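Here it is, the structure in full.
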């Protein structure tokens, strides 16, 4: 997980600076897109649309599905599961390390359990939740919530632990009370870490909702995928997959936008703390 | 040392010791509490919603003795291992290949990044459609889920290699293959191992969830079929075993990692 | 009869505990004594590693002492028990640390207002004071910048006025201008003296630069190598207001410099 973040931050930005806007690179990328589409069309031709829906067929079905409301209906169901589960999981997970900040013994006691919970396959609980809550929305929300919880908890915990003691000392010398320190130093310092956790958890929330729907549901994009597959309708499967991927991209975009606003104060990754200016 | 200091030191040491006791006692207490809550929950909720812990234990023993549990575990692990090997091989090979073709890399990179956004589990019905109902779709799933973290780690690792080391190697006449082997591989080894630590438990999880969706063997199948038969004890048994399996693998990886890297100054702040 | 010193240090000692617990580590500070009068600008010089920061940490009450006492306005401060520490002595002692320690998530103005907010003293009058200080050190126009957008010198200035804004009677300064280039340093020394002359606070200024110590201080103390104590005390006869840029040409400078230099080993 840490490696993906690293790949994204420092290197990606540096790389973008080097060659992102180069005209040749853009042309190459466009060329690759054309090639990929050609291959796709070729496969569809070779195997028949039964096995591989054609790009055109998928595109028309996709936009048709949006226009007649079918896709938005299912997508909103999946989205609701993902968002509700995300909030139910993320909010307690972010709050817990704060609440336990002054009780390190409790944190220490809980640690192996939480590490175990983090390592355990939460998605394997899907059948259990379906057993308990039925095939409705609750089982999906529960699954998403528990997956998101552990991710965000450890991110928030890292944020609390990364506290710069010198800043706290400085504030205390100036007369800050305990709650001032918590509100103005601990919390803002932890926000970037919590944010990393949210960013990592976001695709898991959508993925978790979809998986639960694959197993058992009667609405949602996962259900749509499963239904199309069972009807040997590859075009339908592609359409539902595309819709799911779009939601993930939208989620990424939202996270980026919020981060840019919320974390304006962050020095850019290549920042050299020692340099003056 | 002043008497004040000596007194403070003593207080500090005994306080630490008491804290250790308190933490361990707290953990044991919490385990007991959780088990108790489980039993209570099972009694209240009834056999349909919650399986009694003792019955789960009985079932585990019975299934182990009959061999069926071990068979299911074996099937799942075999699936994970093969998928892991495939995903790993591709994840390592592709970046090295791309290294020789920088222009292609730049052209292809945005699409690879974009493909990360596709939820791999959502592809399973498609794989079932294409590849049948045997192991193939599950292998694709595991392979993909292992491929991405490994690929990204190796890719980033290669990018991060110190260019000066490569230049130095070229100057002394090393072939491209030798450079790949010596300089690059060793530089990215820590990233690669970190990715493996993530990918291996993921492979097992993926195998289990694949088995939810297709197949008639394995831990995932055991859990799903129990659910379909309203055999709650079976569901609980499967989940307990699956969780234990993954946790054991995690712990083993941590131990191995610690042993292998005993000489490195560990960066505890790597967090996740 | 002279007024009692504002801040008095008697026989101060500090030794850091080693991890092993029982093995005695060496004394960083031992038997350190000096006094500071109200309104005095005291500079302290010492070689690197002589425990200058440790001394200031103890004075600011963010670290305990292993022995001796610190008296503020004739009252002993509780510095032997970590639990009893009162950082900043209820905002009587300000501390400008070596690192700027600005809160990265606050703008310049918000950082400067931070102590006022925390002390519940934020009102129009104090805001105006903050603005005045921002203008005084040349940070006007940068109020809404975040620390990472400021240069090292600018961050230092912000950190400085952040302490000045709430007007503590005593201000400790730990090599605040050390990491800056000569020009910025001269400018800030000038700014500091100007601001100090407006309010005549008591300042204890630590530096390793003898010229700076002479340029700024009424009196200069020299710390010995660890275990550090006061190796010498030098009164500074150069009259105020001082010309920082031309301080070295002052007739009294050379002799003072030599005598201080001789003690700094």
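So that you can tell them apart, the chains are marked A, B and C in the order they are listed, and the count of residues begins at 1 in each.
We take it that a contact is a pair of C-beta atoms (placed from the backbone, for glycine too) under 8 Å apart; a residue touches a chain by one contact, two chains touch by 3 or more.
Note that this is a predicted model, so its numbers are computed, not measured.
Visitor: Could you name the chain whose CA centroid falls nearest to the centroid of all protein CA atoms?
Guide: Central chain: A.
Visitor: Which chain maximises the distance between its CA centroid and that of chain A?
Guide: So the farthest one, by centre of C-alpha atoms, is C.
Visitor: Just curious, how far off is chain C from chain A if you go by their C-alpha centres, in Å?
Guide: 48
Visitor: Take the average of all CA coordinates in chain A, do the same for chain B, and state the distance between these two points in whole angstrom.
Guide: 18
Visitor: Express in whole angstrom the distance between the two chain centres, defined as the mean CA positions of chain B and chain C.
Guide: Computed value for the inter-centroid distance: 53 Å.
Visitor: So in the complex, which bits of chain A are touching chain C?
Guide: 166-167, 169-177, 180, 184-185, 188-189, 191, 264-268, 271, 275-277
Visitor: List the residues on chain C that touch chain A in their complex, please.
Guide: 60-62, 87-88, 90-91, 93-95, 97, 99, 101, 103-106, 114-115, 118-119, 146-148, 150-154, 163, 166, 179-181
Visitor: Of all residues in chain B, which touch chain A in the complex?
Guide: 19, 22-23, 26-27, 30, 49, 103-104, 106-108, 110-111, 114, 117-126, 128-130, 149, 152-153, 155-156, 159-160, 191, 194-195, 198, 201, 204-205, 208-209, 212-213, 220, 223-224, 226-227, 232, 235-236, 239, 242-243, 246-247, 250, 269-272
Visitor: Which residues, counting only chain A, touch chain B once they are in their complex?
Guide: Against chain B, chain A makes touches at 1-4, 6-7, 11, 15, 19, 25, 28-29, 31-33, 36, 51, 105-106, 108-110, 112-113, 116, 119-121, 123-128, 130-132, 151, 154-155, 158, 162, 193, 200, 203, 206-207, 210-211, 214-215, 221-222, 225-226, 228-230, 232, 234, 237-238, 240-241, 244-245, 248-249, 252.
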